[in-house]
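Letters A, B, C and D mark the chains as written, and numbering starts fresh at 1 in each.
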Amino acid sequence: MLERSDVPPSLIAAAAANFAVVRAHSVALAAPLSDEDCAAQSMPDASPAKWHLAHTTWFFETFILERFEPGFAPFHQAFRVLFNSYYNGVGEKHPRAERGFLTRPSRQMVADYRADVDARMARLLAADLAPAVASELASLVELGLHHEQQHQELLLTDVLHLLSRSPLYPAYDEGFAAPVASPAPGWRGFEAGVVEIGHKGGGFCFDNELPRHRQFVEAYELATGLVTNADYAAFIAAGGYEEPSYWLSEGWAWVQARKIRHPLYWVEGAGGWQEFSPAGLRALGPARPVLHVSYFEACAYAQFAGARLPTEAEWEHAATIAPLPQMFGVAWQWTSSSYAPYPGFAAAPGALGEYNGKFMVNQYVLRGSSLATPAGHVRATYRNFFPTDTRWQFTGIRLAR
Amino acid sequence: MLERSDVPPSLIAAAAANFAVVRAHSVALAAPLSDEDCAAQSMPDASPAKWHLAHTTWFFETFILERFEPGFAPFHQAFRVLFNSYYNGVGEKHPRAERGFLTRPSRQMVADYRADVDARMARLLAADLAPAVASELASLVELGLHHEQQHQELLLTDVLHLLSRSPLYPAYDEGFAAPVASPAPGWRGFEAGVVEIGHKGGGFCFDNELPRHRQFVEAYELATGLVTNADYAAFIAAGGYEEPSYWLSEGWAWVQARKIRHPLYWVEGAGGWQEFSPAGLRALGPARPVLHVSYFEACAYAQFAGARLPTEAEWEHAATIAPLPQMFGVAWQWTSSSYAPYPGFAAAPGALGEYNGKFMVNQYVLRGSSLATPAGHVRATYRNFFPTDTRWQFTGIRLAR
Amino acid sequence: MLERSDVPPSLIAAAAANFAVVRAHSVALAAPLSDEDCAAQSMPDASPAKWHLAHTTWFFETFILERFEPGFAPFHQAFRVLFNSYYNGVGEKHPRAERGFLTRPSRQMVADYRADVDARMARLLAADLAPAVASELASLVELGLHHEQQHQELLLTDVLHLLSRSPLYPAYDEGFAAPVASPAPGWRGFEAGVVEIGHKGGGFCFDNELPRHRQFVEAYELATGLVTNADYAAFIAAGGYEEPSYWLSEGWAWVQARKIRHPLYWVEGAGGWQEFSPAGLRALGPARPVLHVSYFEACAYAQFAGARLPTEAEWEHAATIAPLPQMFGVAWQWTSSSYAPYPGFAAAPGALGEYNGKFMVNQYVLRGSSLATPAGHVRATYRNFFPTDTRWQFTGIRLAR
Amino acid sequence: MLERSDVPPSLIAAAAANFAVVRAHSVALAAPLSDEDCAAQSMPDASPAKWHLAHTTWFFETFILERFEPGFAPFHQAFRVLFNSYYNGVGEKHPRAERGFLTRPSRQMVADYRADVDARMARLLAADLAPAVASELASLVELGLHHEQQHQELLLTDVLHLLSRSPLYPAYDEGFAAPVASPAPGWRGFEAGVVEIGHKGGGFCFDNELPRHRQFVEAYELATGLVTNADYAAFIAAGGYEEPSYWLSEGWAWVQARKIRHPLYWVEGAGGWQEFSPAGLRALGPARPVLHVSYFEACAYAQFAGARLPTEAEWEHAATIAPLPQMFGVAWQWTSSSYAPYPGFAAAPGALGEYNGKFMVNQYVLRGSSLATPAGHVRATYRNFFPTDTRWQFTGIRLAR
């Protein structure tokens, strides 16, 4: 998870300012939630909001304060284990599926933890630091804030999953904006050739976006917009979930075993399909993009539509030379690319190096960003990744051919 | 779950008074808990405190108000499903393992629900009722209150299990009294003969305590007290969990698969064994009774000690003619009796009849009562029952031979 | 598994003769089977026929030859582990679910193993033995032969299960006789009182039939015959498998999870129900007893019929004083008695003592015997036992009330 | 599974000749096996040898005889379901995990099935056919024979797995040759550039090898030989299975959950490591290539060795321009390429089209061929593929950097 941007020592003040803004945004995201909402965990893949608030704080305490703060003493001894996510290098972890059992420490205690670490971080960043230390510190702060922004999106998707399990279908925020409608159907063509993908430098990126390198792509077309709810409803109406020939073999087994019949948050009502969203349950907007579909569903729909999913190289190349509507800010777009290291990829040494490389198997890359991605956390080179049956993220479909 | 006592119509006022007392006790039990504590569920067998508070209310709304209240309208339409435990006759149920996902309705809304039903019950019980109606109503109220008392014990055991999963080992109530020490070892003998067991009438009982009937018991001895922590620690020290000959075959498989090495809430510390309790983590009291053991462990210990568990007829006969120390108020005592209908047992018709009969398989009877059993909920004929691997209840061991 | 009969030393010749007869019967049972049939295992609860043939031989080699044969050397070193069933006292065991992977040793090698042990046993029994040794040896031989007879019944039920998994529905033996039809419906009454059950001595019994002891039974009636296929088909036609009120709670969960809709070997064909049997697939005989039902199904049927299952004391008392049709030789009859030690029960010391006591939990007693029980292995005091979902044995239903 | 070679009608005679040779080889492979060996299935991923013999026959009966044979009648009606592997387009399938329960049909009956289909195929291929029909028929025969060759390799790997489960470690064939030793360590370099991979035409290939297309590869080096047993033993000795930093996250979970400590067929003996092979148990040859490792193990070893796995483009490019030792005939070599369609890939229509495309998810490509791959089934463009935890195939490791 080493970031690679060059941070002049003078930027330490900027880091401190950014720190305050990003940290405050996490708290704001949890504001509509009750203490109960913050503590519950509705599946092992999701985490309680309280856990996100604590774990992002743990990151600063463990990877920055522990190293740079004079006379460091942890806020609470047990938190080192409790709020470690998956860093084997740091030591033991609390079992992931049991995060919802941690009603203690309380939400208030976690708020105190955040305030304490924030104050210590502010002191540290205001201190008189040697230039080399300041530079490294600024880099680590930037990394920690990007890490926190990832958890901001997860916090929202995890809360949405939790609220979806209550038959009351409570809204997270009734005023939460719906995604924009897709444009009229259309395709944009791109020529074959050797293209460059990966981060160019000049700004932050994660290690998995490096190194920039060449790939050969054949000529291809990308859909100008995302597949809509109306498109997907037609797939369902045509028996899409009952016809094995549309599905990957493993996808078909998943559909059968889990009795999947529609996107995760679609609810069949007397008046037709509804969808659950951060704004609560609402009628399905036919022109809005379909959300919360798995890689299996995305592939099956593409097969049904006589198309395919783009590769990540195709997507990034297009995003660079001729961006299309809905590439960012609506839904993460499944690509057909298995998540793998770029040629010449090197993970960072130490615990921080566990971040990306070890997940590079049996996951697929998603590109773009979603309506839940924080501002300042969006790049054409960004590589999101999830297993093939994941649906609780804001995932959608852009076709290629 | 039909109760069988005769309730003269004049007792309706007593029922109303008792109603207020028992209902208030449930609220008092939840008072030390935060909203987060009340909402979490740490295993499928346990339920959130909030769920207990709502379900016991649902019982009165569904089985009494719905039938007797003029112009009945439910407090909330969805609660009929949400807070049904296992009554198939009432209709659908929310999945048991997902009770912890119900952060909505909130704790406050459940408090409102309790207040609303309490007020409506008070109005109903104060109304001018025909004698037959009043009599039936008083019976149902009595049943509902005994049902609530069962859930009061479960609320405490479920909360204890939840708190045990936090590495902070938070106390439910630091002043919660420890169980009394066991008496010096000793045996009391009883003669062989035909004995009568089961409820005699004259007061409330559950249907599974009826009918009173005869059984033949051979001569036997019961231990005067419960097996102590020191006794049980000796079993562990002697390799009790490593020696298959002490264990039932199924118990041995359970020990191996679950890596069981000590009672549920024992914690090995630097200074020796500790135990987690409602008062928090404390040093193990050697003379106090061992708690939180399964039927498998109780049998293995008995085998190790050259004794056996009593049958429920032996236990009840002794409790009737010559009660021994610690029979009540400390720990439920495993018996070797599989939970089965008494000769001539008849379940009540309708949904209430689902209460006891349908669980009469693959469970074992526990007798007595525990430190968590509410006053007024204790009888020598009471038949508690749990599966053989259950440990989160306040269960202990009394030997027989 | 200590047997309790008194065997005068003069009976050693009788033991030798009996040995030859019983051992030959096992081989005869496997005669209709191909090598492939003998090696396969269709579920963990069942064992390959070849395994039964070897394990029963292992019993004599391990518990008799190893102890009494001068200069004992095992037929094959690996067999001690391979053909141990569940005797922890003997040492390691081959994983039960993997018995079907043992294509080596071959069937022929197992036949050689039988021949070798038979010859050595014959030599041992013909030797000049001290009276005390002869007496103990005769007892152990008797025990080993009863053990083998148990496996003879299992061999047949296991093979039937295997053959049932082939869509060709091959017959084990086309001439295998169908069970006799049930008599006309009727009840026989018995008076209340203290009765004695358990083995009286004078002949072989297993340790679980001892000691003979007193029980009090209320007045009861037993059905004169077994529940028929026509009776059971009426239960199905009446929606028996869809109505939870007939079922124990655990039984209802089993029906739902496993999608149980009829007895194990019933097959719905164009012309109505058929049943698979040792004679192959045949039309369901309406007057023949229903076979291959679980305890759950037996209880649900009894509930549907307004009756109940008998206790084992009721069954044995009736069998002793006024035997009814179909008590023996047709189907094992589920009782409502959980399998538990008789008052005063003592398991034998050593590995042989593992036989019965350690299974006394979460199983139910079946009484009588079935069409697959070998002659000479039938007693009114015999206690068979299986878990509540067992169906591949020849199990049936006799009602009580 | 459409093959793409051009088969002039005159080649029908060649097809017939090839048919006889390939079909006879399957029978020869099963010759060392007993009937028991042929019927057993030691895990769901493997199939009984008898099933392979029948399924490959089913392929010719279903996809050729049913379409081309005048007056077609199936050999046995039930075989259409019994011996269908995964072709949803053909209809129902027998459950994969229950293939070992099919002791009937017997091995002899399957031999009769093979003889019958072979005779009918011979008649068909000798008939007077229209040129277009002859051409299509020759193509389908070629496809069917390549399909059968795939099953020949599986037959051997499946039998090896079965025999490995017997503690007797029986040899499949004591004279079976061990793999050749690896050459001295070394690397061969290749330049960066656009390369072409995929089948060129002119001979048979599977649909997944098409279309031939361009890829850009950076400069790389390939190891001249395969990782040896000595290399891999050093990894184990260095604690490779205990150090999470070598492992992909999912691989580490697999190692922990399954307690993996060495390659599948390594056995620790008194004198050091041994390995089970078709020739039986033998001492581990230090210079021989390590076999039977998963993708997870291959990646972990590469990480340990400071190298990586090659991509399939790197491997194929090298194999085309400068073949290295042990590329073919020893062990399938894991690549880092997720199994995915080539740009422009199109699956064939109909049931035969199910062959490859639907497996293109969560599997990794292996290149080369193994000591069990039949002659005539080896190509530089061949794409084998298995899930990341697969070990029972003859899989090995070639490093890249």
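Please note the rule applied: a contact is a pair of C-beta atoms (placed from the backbone, for glycine too) under 8 Å apart; a residue touches a chain by one contact, two chains touch by 3 or more.
Predicted model, so just to flag it, every value in this text is computed and none were measured.
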item: Chains contacting each of chain A and chain B, listed by label; value: none
item: Computed distance of Cα centres, chain C from chain A, in Å; value: 59
item: Chain centre separation in whole Å, for chain C relative to chain B (CA means); value: 37
item: Rounded Å distance between chain C and chain D, as computed from the means of their C-alpha atoms; value: 45
item: Chain D, residues touching no fewer than two other chains; value: none
item: Which chain pairs touch, all of them; value: A-B, A-D, B-C, C-D
item: Complex contact set, residues of chain D against chain C; value: 34-40, 42, 78, 81-82, 94, 98, 100-107, 162-163, 165-168, 170
item: Residue ranges of chain D touching chain A (in the complex, touch as defined); value: 86, 88-89, 194, 213-218, 244-245, 247-252, 295-296, 299, 308, 336-338, 340-341, 343-344, 354, 358-362, 388
